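There are two complexes below, and they share chain A, which is joined by chain B in the first and by chain C in the second.
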Partner chain A sequence: MSMQNSNSSAAPSWPLLTGVSVVGVYAHFLLHAESQIAVLGLAVGAILLLIAFSRFGWTARVATSAATYPKLLGAGAVAAVVLVAAVSYEMHFALLMLTTVLLYSTVCLGLNIQFGYSGVVNFAGAAFFGIGSYTAAVLASHSPLPHLLIVALAGLVAALLGSLLILPVLRTRGHYAALITIAFGILFKTFLEVNDALGGPQGLKIPGMEILGWKFNDNIAIGDHELSFYLNYLVLSLALCAVTFVLVRRLERSWMGLSMDVVRLDETAAATFGVDIARWKITAFTLGNGLAGMAGAIYGMMTGFVAPNNFTFGDSLILVSIVILGGIGNPWGILPAAAIVLILPEKLQFIQEYRFLLYALLVILILLFRPDGLLPRKIRNYFPGDAGR
Partner chain B sequence: MDLGLLGQYLLNGLMLGMIYAMVAVGFTLFFGVLDVIKFSHGDVLMVGTFAGLATYLGLESVGIDSPWLQLLLVVLVSVSAMAVLGALIAKFLILPLKDAPPLNTLLATLMLGSVLRESVRLFYPNGSNPKPFPRLLPTDEWSLGTLTLRVDNLILLAAGVAAIVGVHLLITRTKLGLAIRAVAQDGETARIMGINFEWIVLLTFGLGSGLAALAGVMNGLYYNETNFGIGLLLGVIGFSAAILGGLGNVYGAILGGFIFAGLQTLGSVALPAVLPSVPSAYKDVFAFTAVIVIMAWKPTGLIAEKSSERV
Partner chain C sequence: MQRRSFARFTLATAALVVAGAFAATPASARDTVKIAFIGPLTGGVSVNGIGGRNSTDLAVRLRNADPKSKYRYELVSLDDECKPNVGVQVATKAASDNSIIAGVTHYCSAVAMGTVDVYHKFGMPVIVWGAVLPEITYGNNHKEIHRVNGTMVNQNEVAAKFMTSQGYRKWAIIHDTTDYGKGHNKYFSEYLTKSGGQILGTFGVTADQQDFTSELTKIKELKPEVIFFGGLTPLGVRIRTQMDKLGVKAQFEGTSGIKSDAFAEGLGKDLAEGSLSFIEGAPWEKLPGGLVFTGKYAQQKYAEAPEAYGPFAFAAANMILDAIEKVGPNRKKVRDELNNAKNVDTIIGKVTFDDHRQNIVPLITKYVVQDGKWVVWEDSEYGKGKRKLMGR
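So, the complex of A and B:
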């Protein structure tokens, strides 16, 4: 931490604070934009502004500032989300979207540990998300367990079901390993469709969350104002996402993250240096699936409904697209990528129908021309600021 | 269970296995020459089916109604269009990504599959609904006791065998096949020996995609129905079959195709017989579970890929 003090004179904190505020204000306008032209204008404006800012070198200053004050960046991001949510306190739809972005980001942070750090491919992200939702549906309807415990259990069940795949995932590599998770994702959805006990294709209802008598599905009344009930879920999802984020960052900076990177980059070298390949693959796979399960449970309780059609192979691909779009291995890239992939099609009604087509084209273009994603992962930075590089 | 019903299941399983094997051979050819997985293969098959369907509708509208001529043109258009599409995909998506990590190629082609699928759904007239596929083959029936043989199914089976044997002969007996095998074994050395690497890659992708289009038309003729979603499942099944057999091995792919069809048939016949509470709808669950178990047992397929660790 002494480095931080010596660097503070070199890199000021205001570019970071300005950057976070600009993004926050932008998100606010995007969420509140009503007309199609306004949304389109905002989308095009963002691209033009980004190009202009990087011409003037402003983005680089924000990046340096962010690298100098990582904690301030985290706090700023949380504050921005809280402020944007607080301003739209009675708009159900805006809050629903914001919460969805947070929950999908949590899943993608888990996928990031798998794809980005230890190199375990997982094309069944939506299936593990779905396992979480279904676990929440069954446990919340048929057991008196407290709901926070159910969320944790949903993560556990997803991780446990995922561990059925550990043996094949460990024994196979590359394309063979990809097939295992693809087959699992399709198997999961087919199983739910033909299974009557879990509601078949119609799915199940999920009761809303309730913690210590606080009903999440009731609007919150403060004086004359009525706050949207989605605020409850937003706060919970923000907490989950923030904790996950800190966890992922700590993991990356620790010796565990280093070991995972070695396993991904070169298994032979890893084995030669005494890194236990199986251990890190299992850790990454289980952790990622558990996170997907927990996020799935909260999402299910928020929407009140779960059906097999929400967890197709296409949805798993969207999750992977978010990870790739953000920059594989960089947790900071996930939040903006999730926002782009989830909010833009909801807002731009005329592309709603074409969204799968557009994502697919976008990901192909990124893979061809910018394979490291929008915010590429940087080399580990153990000391704040540029000096640590 | 009587013999006739058993024979019916056997015929159905053979037919499915033939289609799966044709898709799997494509996967294994592509993997052979470039060590890549082209996941859009199933969707190329689907586009081939729709190209055939569109040709049929076009011929109907200009008044050509001889079923044999129609069939010939449907197959020709579908196969050649998909061969071109396959070569274009190789040229503009797969060759540029040759030096990228395998995950990137897999993802790019997965996404290309979505592009093809969504394009048919959105831009083919009324593309999101299932389409009837015409019966172009004679539907006479022969009865052997309780077993009914339909002429069209027998023709389809024979066509499938002919296609697979044809590809096999092409690869083992011709100069082109020799070049494909040379590129598959060692691209660098093949180039030194004067083989045009890029041409061979494009031809191989064209060949595999044409085979997939034929499988797609056969699938349409067999079920008399098609929809934009068939490619995804057929692609995953073909991929599973190629991997079950061992990537890069044509015999393995054929074996894998028939094994998968066998697992599905077993799942729909034997499962309800053994466990009455489990309906035959679980056949895919059973087949994919079996694939995962087999992969855990033989991680590089039944006929293992010959590979050595490069350090």
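So, the complex of A and C:
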């Protein structure tokens, strides 16, 4: 008790709030940057800012402050997203990108449970995301089920189909387990292409979401102002992402997270101490796939269309690269990493066919200078502040 | 002292540079109007996307160079990666930006299917330049969606009738399992049975398959007169090569997907000889505007060829530019102007939109490879009876 008090008085909360505001303002400008000069300026600005922050020791202060006030950090992040969204209330495209980042973050939080905590490698993230979209497409077009229930069901279906893989994943390790999930991802895409009942290669239309008569695909009119309909999806995705985040953090802090970590680090040791390896691998795998399915359902309803080409092996790799870029095992790293991976190629549209070249170069550079990702995972911290370590 | 003079010198230079920059800008009062191009600029079919982008860019550059044009045009090119989700993203970007008046959009059918609702929602008129799936125009009634290229329905009707008129009766079909190959299989089979042809066997293959020994061995047993291939160039080259290795003697008939220089070059003169392809539109090489197109395209020194659908993108861009010149940069007016297009002269022949804003293509052009080059059938030695297709 006394330790906690001394900590909170030692570390002020303002560095944290400043940090969150800087990131929020930066995200706002990045979302709205259209000209080449603006995008380049922002890229250079980010590098200078990062250098300045570490040069003057601000990074450490923000980190200490964040560790002291984890709840404030969460609230600040949600507030920043809401503010950025509110400022661009009629910018359809900016909101679409922001919502996409939130949904991909949700999937990556799921992947984080899988290979960040329990070490189950999953290279079929896009396939489970796709299962969610397809479930939403079929159920929303052919059944009167309420749409929120459909989102939950989509998660369930993804988890169920994922359980097909449980046996092979449990029996293999390392590269072999990775191969199985890769095979599943390719199988999924090929199956959709030859299956005409699910639209074949041309895909399916998905009706927009509707909750209790509130149509998500209509713009919201308040007085004379018209708000973008993407705000509906943004709020829903933010809620899903926030709940998932809290879930993942709680999981990490609990004895379950501890068991998962042991399973990842040393299976033999885990078995010796009576930790049920199969149980934790299955839990992590199913939970992660379910999250991917739910995010996929919302994404599908938002874009209104789903086709097998959305869920190639390349898209699974993008999901994996978000987790690695953010720092494996640290849920906080996922949000900035998702923003970089999703928004940057889009902002580089002006260099057209060369944009992936430059983007790939940037990712390599980041990993060269920060091999553990943007925000590497720290040792489990049970008490707020530095002394808890 | 010296430092001060240096500062003065810098200032003076800077002022000169700024003044020069202002002077260099042409003193024109023309307003800038933006139009969009969307197609696959990265990924497996980027060759076609870049060809379309260059062709659209050419139309814009030529218009800007024309002193009579009322506006200065700016092209916004976006990459849809041939993926529907990315397509919806960039379509939203273009359509929700009200400074973009209209768009020349999509090569991939699945992407176009996903984005038509976006254009409709935001009211941006577009002309599809390459996607061939019939449902893009016929599956909805959105006033914003137009298409200058024909659908695969037209293409296959002509192909089936032409081949049966040549006296062929027995077919084997190989198609890739993408929307493109499956669609071609569906419509070609339909028209072939109507015109009295017989299909001995149909084989679906994935778009990246390397080895066709099992399919071709079966086909060899079936003894077809013609092998119909619905798919794109890389696969076509592989199949035709392996047909030769396994000694499958049949006429090779492709779709618009193999009408590329890469097909003839990849196979070499001997193997490619006599291969057939069908493509929508008039043979643009023969229209006066078509020659201007190829000439100007060469002048701009683009690194990539326009490919088979470049002329369609060029024609679409010109229709949009003409509409803007006529009614001004207003989306609704441009849409209505495009809706009513009748007998518009373009480099792909006359364009007339029907009630679903689909160009009623007056002509499908038949091509045959002769001495390593695609030649219009009527001009070829095959058409004139000097050479014979296989088995005739």
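The rule we apply is simple: the second predicted complex is superposed on the first by the 363 of 389 C-alpha atoms of A that agree within 3 Å, B and C clash if a C-alpha of one lies under 4 Å from a C-alpha of the other, contacts with A are read in each partner's own complex, and residues count from 1 in each chain.
Definition applied: a residue touches a chain if its C-beta (ideal position, glycine included) is under 8 Å from a C-beta of that chain, and two chains touch if they have at least 3 such contacts.
Note that this is a predicted model, so its numbers are computed, not measured.
Which of chain B and chain C touches more residues of chain A: that partner is B.
By the touch criterion defined above, A:Ile324 lies against chain B but remains apart from chain C after alignment on the C-alpha atoms of chain A.
Of the two partner chains placed by the overlay, neither chain B nor chain C lies in contact with A:Gly41. Of the two partner chains placed by the overlay, neither chain B nor chain C lies in contact with A:Pro146. Using the contact criterion defined above for the overlaid structures, shared-chain residue A:Val194 touches chain B and also reaches chain C.
Of the two partner chains placed around the shared chain by superposition, chain B and chain C are both touched by A:Glu353. Once the two complexes are overlaid on the shared chain, A:Pro371 sits against chain B while remaining clear of chain C. Touched by chain B in one complex and by chain C in the other are residues 190, 193-194, 353, 356 of chain A.
Chain C meets chain A in the complex at residues 41-42, 46, 50, 53, 77-79, 82-85, 88-90, 92-93, 96-97, 108-111, 113-115, 117-118, 122, 133, 135, 177-179, 182, 204, 206.
Contact residues of chain B toward chain A in the complex are 31, 37, 93, 96-97, 100, 102-104, 106-108, 110-112, 114-115, 118-119, 122, 232-233, 236, 239-240, 243, 247, 279, 281-282, 284-285, 288-289, 291-293, 295-296, 299-301, 309, 311. Listing the residues of chain A that touch chain B in their complex gives 115, 121, 165, 167-168, 171-176, 178-180, 182-184, 186-187, 190-191, 193-194, 268, 313-314, 317, 320-321, 324, 353-354, 356-357, 359-361, 363-364, 367-368, 371.
Chain contact summary for the complex, chain A toward chain C: residues 91-93, 96-97, 100, 190, 193-194, 200-203, 205, 299, 303-307, 309-310, 312, 346, 349, 352-353, 355-356.
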